[in-house]
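Structures follow.
First chain A sits with chain B, and in the next complex the same chain sits with chain C.
What follows is the complex of A and B.
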């Protein structure tokens, strides 16, 4: 197991290194002054120029420049944003939790609705139930997320007026950031309006979370269904039935744990698509997360923000997909069997 | 009263080629405390019969029977729930592929414990511990030397033999009256086979468990079973006390099986043609009408296109119009197949 973990860690480090290399090359190709692309300082003073040259070793060879770049970026120096003159790192720390909050709520929503529905679709003998569930998931799978987001906000936000359609919370509430997750912060704050602030935050998250959850939800339903269909034909399910267990017990204790393994695996594969969907959703609903921040950085040609955003998002995706793979191995005894065979 | 009494059980399968009778008018009587061998080639419907007894058929099965009596109750009239509870407590089954009949994602121990009944005399907070002890005891009883280690492992970490022993432990932990063993030693080495069979016969003798032993090996069955039923292509050919059936087979199929056992005492045997019945067992979608052995039977005549009913004489049953050593029963020939 230790060897396996070391190999995964190695994979993470190697992928990250390649990612930073790509960023490094791209930065030198940006159609602006190289020093500006690296630091975001528009018109540096002579001292700053000397400092930048020393920091990034601009008068040395490519390899040396790359190590200097690596050193700077890994120590948290992502430059300053050209538009706001704030350090990019500080801005990143502010916007990341909002994205995590949205993604987390959407993922929980997708799993909580998707798994039971998938099980239902696989166990139901009624053709109408099966086909309607499959039709719903296929529709959800094929709806473009920007259209869905706009339509939902048009219906529920504008025409019916039930839910707010932009932002994370009403601007009237002043919430002291503690964890950065607004749903938790509102509960932690000692203001007398904290319950109403919490409700407001919940209302704000409903529409973007639903929009973002649709795609993973449909995938979860379909994968759970196919996995359950094949597992219910396995001998151990028949054997469990022959032992006199009730069908519900068989499903919960034997079929579902085995069916969730492919679901977990596919969650890992879906991370990339999920995060790009998250960016679109954040832009549509003006959610103050990393996606909206990155997109506005692109519009404003804010090269340090672009670098910082891409670096952080890509690192998170790499880390999470490796984490999911490790989790997949840890909780799934069958994959350990494969490790027996290979190593 | 027989423990299990099946009369004219027919299983029809819906296949892409239409509906086929995989099992046709099968009758089986199993007395309490006996080891009943069910002999048949693969594909002859032995496993279907076992699954039909347990009621875990597939979704494309259609089961009809004159009666299927379990201890005086008709299994056909029971609801799924009643049958499930019966299966847990009175009928148990072990499968031919033990590793794949254990859940790969759960430890073996948790699966044994799951199958154990609650003991109502013990307060609920100690029941878990009690079950664990019981599970260890049963594993020990079926001949596993380090029960604790086995309970903590997963099915795919264990060998076939140990897994089959675990399956037997799970099956007998509820003290069932009937144990259906569907090729329990398939693809196992000889020594493990012998262990499993010894274990089964010990269970039969010590705990009075009736066993329906399904196999394709006539010599195994002749050694371990008290009564024997011979099946061919979904029809019962002959049944009776094992020794008698082997001594004087009435049915041409049984006779052919016995005649075709290789004789290794003759040094020239390995250069001779192996004797078999002409042809091969028909596929499910091309079943002959009447007696299904008909086209291959050395004694077949015109009458054989009508299925002979099982005829009971002198504690033996056979389904043939032209049996050896015995007159057929003329009175109850089936008119339709």
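What follows is the complex of A and C.
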């Protein structure tokens, strides 16, 4: 197991290194002054120029420059944003929680609705139920997210006026950031408007979360269904049924845990698509997360923000997909066996 | 299996009903106003900028000036100065200052004294005196003051007593009081500056602003919001709204959507095409005010071929400005015959001196010996008071120019980049405009068309003409209105001959707002004031 973990760790480091190398090369190709692209400082004073040259070892060879770049970026020095003059790292810390919150709620929504529906689809003997569930998921899978987001906000926001369609909360509520997750922070705050602020935050997250949840939801339904169908044919299920166990008990205790293993694996594969969807959703619903921040950085030619955004988003994706793979291996008895066989 | 199938719908129903409960819950909101603004302010000190976005977010909310404009009557009225005296030769202005005025208390600053003459001296000396410790704290200079030649105008500012200051001018200037009444001439706290110097944090003066205005700055998150609280020590009647939030929303459609879903109460700079939507909704209304502004197309006269007046005239004759008014402004603007808008007292309702005549344009180009011409038109990426949609305007001009065989490329960047690039002077022509800061007609000429303004990059045509400058100077040195009117008309004529800029519209100022918000006050010279605004009690339900 240790060897396996070390190999995964190695994979993580190697991929990250390649990523940073790509960023390093791209940075020197940006159509602006190299020092500006590295630090975001517009017109540096002579002392700053000397400092930058020393920090990034600009007067040395490429390899040395790359190590310096690596050192700076890994120690959290992402430069300052050219438009706000704030350190990019601080801005990143401000926007990341909002993205995690949205992604988390969307993922929970997708799993909570997707798994039961997938099970239902696999168990149902009724052709109409089966087909309609499959039809719905296929439709959901093929709807472009930007269209869905706009349509939902047009209907539920503008036409019906039921739900707010942009931002995280009505800005009149002042919420002290404690965890950075607004849903938790509203509950933690001691203001007299605590509950209504929480309600408002919940109302604000509904539409973006639903929009973002549609894609993973459809995938979860389909994978759960396929997995359940094959597992329900297994002999141990039949044996359990023959022993007279209730169907619900069979499904929940014996079939579902095994059916969820492929779901987990697919969630890892979906991460990339999911995060790019999240960016689109953030822009549509003006959600103050890392995606909206990165996109506005691109519009404003804020090169340090672009680097910082790409670096963090990519690192998170790499880390999470490797984490999911490790979890998958740890849970899945079959791959555990394979692992021991090969090591 | 049956059990499971039965339980599922039940669970779903439970889920939905919880959500509905949450939704039906009576919403309790803190008292306050949310204003959807169009962009990030560049600074929190309007002395340093000319952009309307910054003035909106600062001048009327955080600060006060010595004198103020009464928007209704158009006269200068007392603010932090209670009275003023002008000496007979017009060279000395003596202001009596208001007593019992408090500066904001903030987390990092607690004023120990009230407003006095030192603050006035500090605020203006910072601008005019290059030896002042705070003069070069501003990286962007003081564009408005530099463009009107403020430091040359003021010989000396004298502290007569703690509550009296005298401005000694080097020459009589009829626009001096009007310039003091602009949103740029705000009063800062000298004590705060002193404290920051001791802490070696001079930059904070323009970022964590301290003023005497109705609201104090609490928090600013770029691209997201600006938060203000009511100034509990305000020298006038306290503002009704406890909180004021500027929700920064660059897209006009998003601002409209937020207004409809009640995420904001007042929304800035709408597009004309959105008015029917507002008229449809019962809870919303349109606020408008004849604009003190002008939208124009400026030619960079430092570049070939725009240094040739025949080329400029040709391009001007080629543009169908009626068409722009129809398509871009949709009846929310009046056609511009010159720089001055109809509400100005020096305005004269004469016909435009440049007519739409493509044939004449072709002839002029031929005279100039130009056969093939390709130009760039820079279009602002954001809505401005004077032009809600510069990109569309550019497209119309592009089509018009195609008729006279001139090829036009439309160039656009994000607003902050756009501004930086404009200062680098590398453009051919740009669609931009000017929103007046005060009612003096001079404001439409000196800050944007004088030689001085070329130096400070507020003259977008980069056109410097000594004859024109002399004319402006002459008009400023007298106070007789009919005489001044005649001189400004002369200036308009001269501009129509030289066409460094082609004015096309004076836009009406519009905001969309919820009907339950009362007393948000548009000011004609840019800026919006929420001093007396509040939301009516909640029984005016927010139901759409």
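Note that in this section the second predicted complex is superposed on the first by the 343 of 343 C-alpha atoms of A that agree within 3 Å, B and C clash if a C-alpha of one lies under 4 Å from a C-alpha of the other, contacts with A are read in each partner's own complex, and residues count from 1 in each chain.
Here is the rule we go by: contacts are C-beta pairs under 8 Å (C-beta built on N, C-alpha and C of every residue); 3 or more make two chains touch, one makes a residue touch a chain.
Note that this is a predicted model, so its numbers are computed, not measured.
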{"item": "First (chain B), second (chain C), both or neither touched by A:310", "value": "neither"}
{"item": "Partner chain(s) touched by A:206 [first = chain B, second = chain C, both, neither]", "value": "second"}
{"item": "First (chain B), second (chain C), both or neither touched by A:240", "value": "first"}
{"item": "First (chain B), second (chain C), both or neither touched by A:251", "value": "second"}
{"item": "Touched partner set for A:164, first chain B, second chain C, both or neither", "value": "second"}
{"item": "Partner contacting more residues of chain A (chain B vs chain C)", "value": "C"}
{"item": "Touching partner for A:333 - first (chain B), second (chain C), both, neither", "value": "first"}
{"item": "Which superposed partner A:296 touches (first chain B, second chain C, both, neither)", "value": "second"}
{"item": "Footprint overlap on chain A, where chain B in one structure and chain C in the other make contact", "value": "246"}
{"item": "Contacting residues of chain A [partner chain B, same complex]", "value": "125, 234-236, 238-246, 253-254, 257-258, 261, 332-334, 337"}
{"item": "Touching residues (chain side chain B, partner chain A) in the complex", "value": "51, 54, 56, 59, 81, 84-89, 92-93, 95, 97, 100-106, 114-115, 154, 156-157, 167, 170-171, 174"}
{"item": "Contacting residues of chain C [partner chain A, same complex]", "value": "1-5, 8, 11, 19, 22-23, 25-30, 32, 34, 40, 221-225, 227, 243, 245, 247, 249, 254, 257-258, 260-263, 413-414, 416-417, 543-544"}
{"item": "Chain A residues within the chain C interface of the complex", "value": "81, 83-84, 86, 91, 94, 116, 119-120, 123-124, 153, 157-158, 160-167, 170-174, 193, 195-196, 199-200, 202-203, 206, 246-248, 251, 286, 288, 292-293, 296, 299-301"}
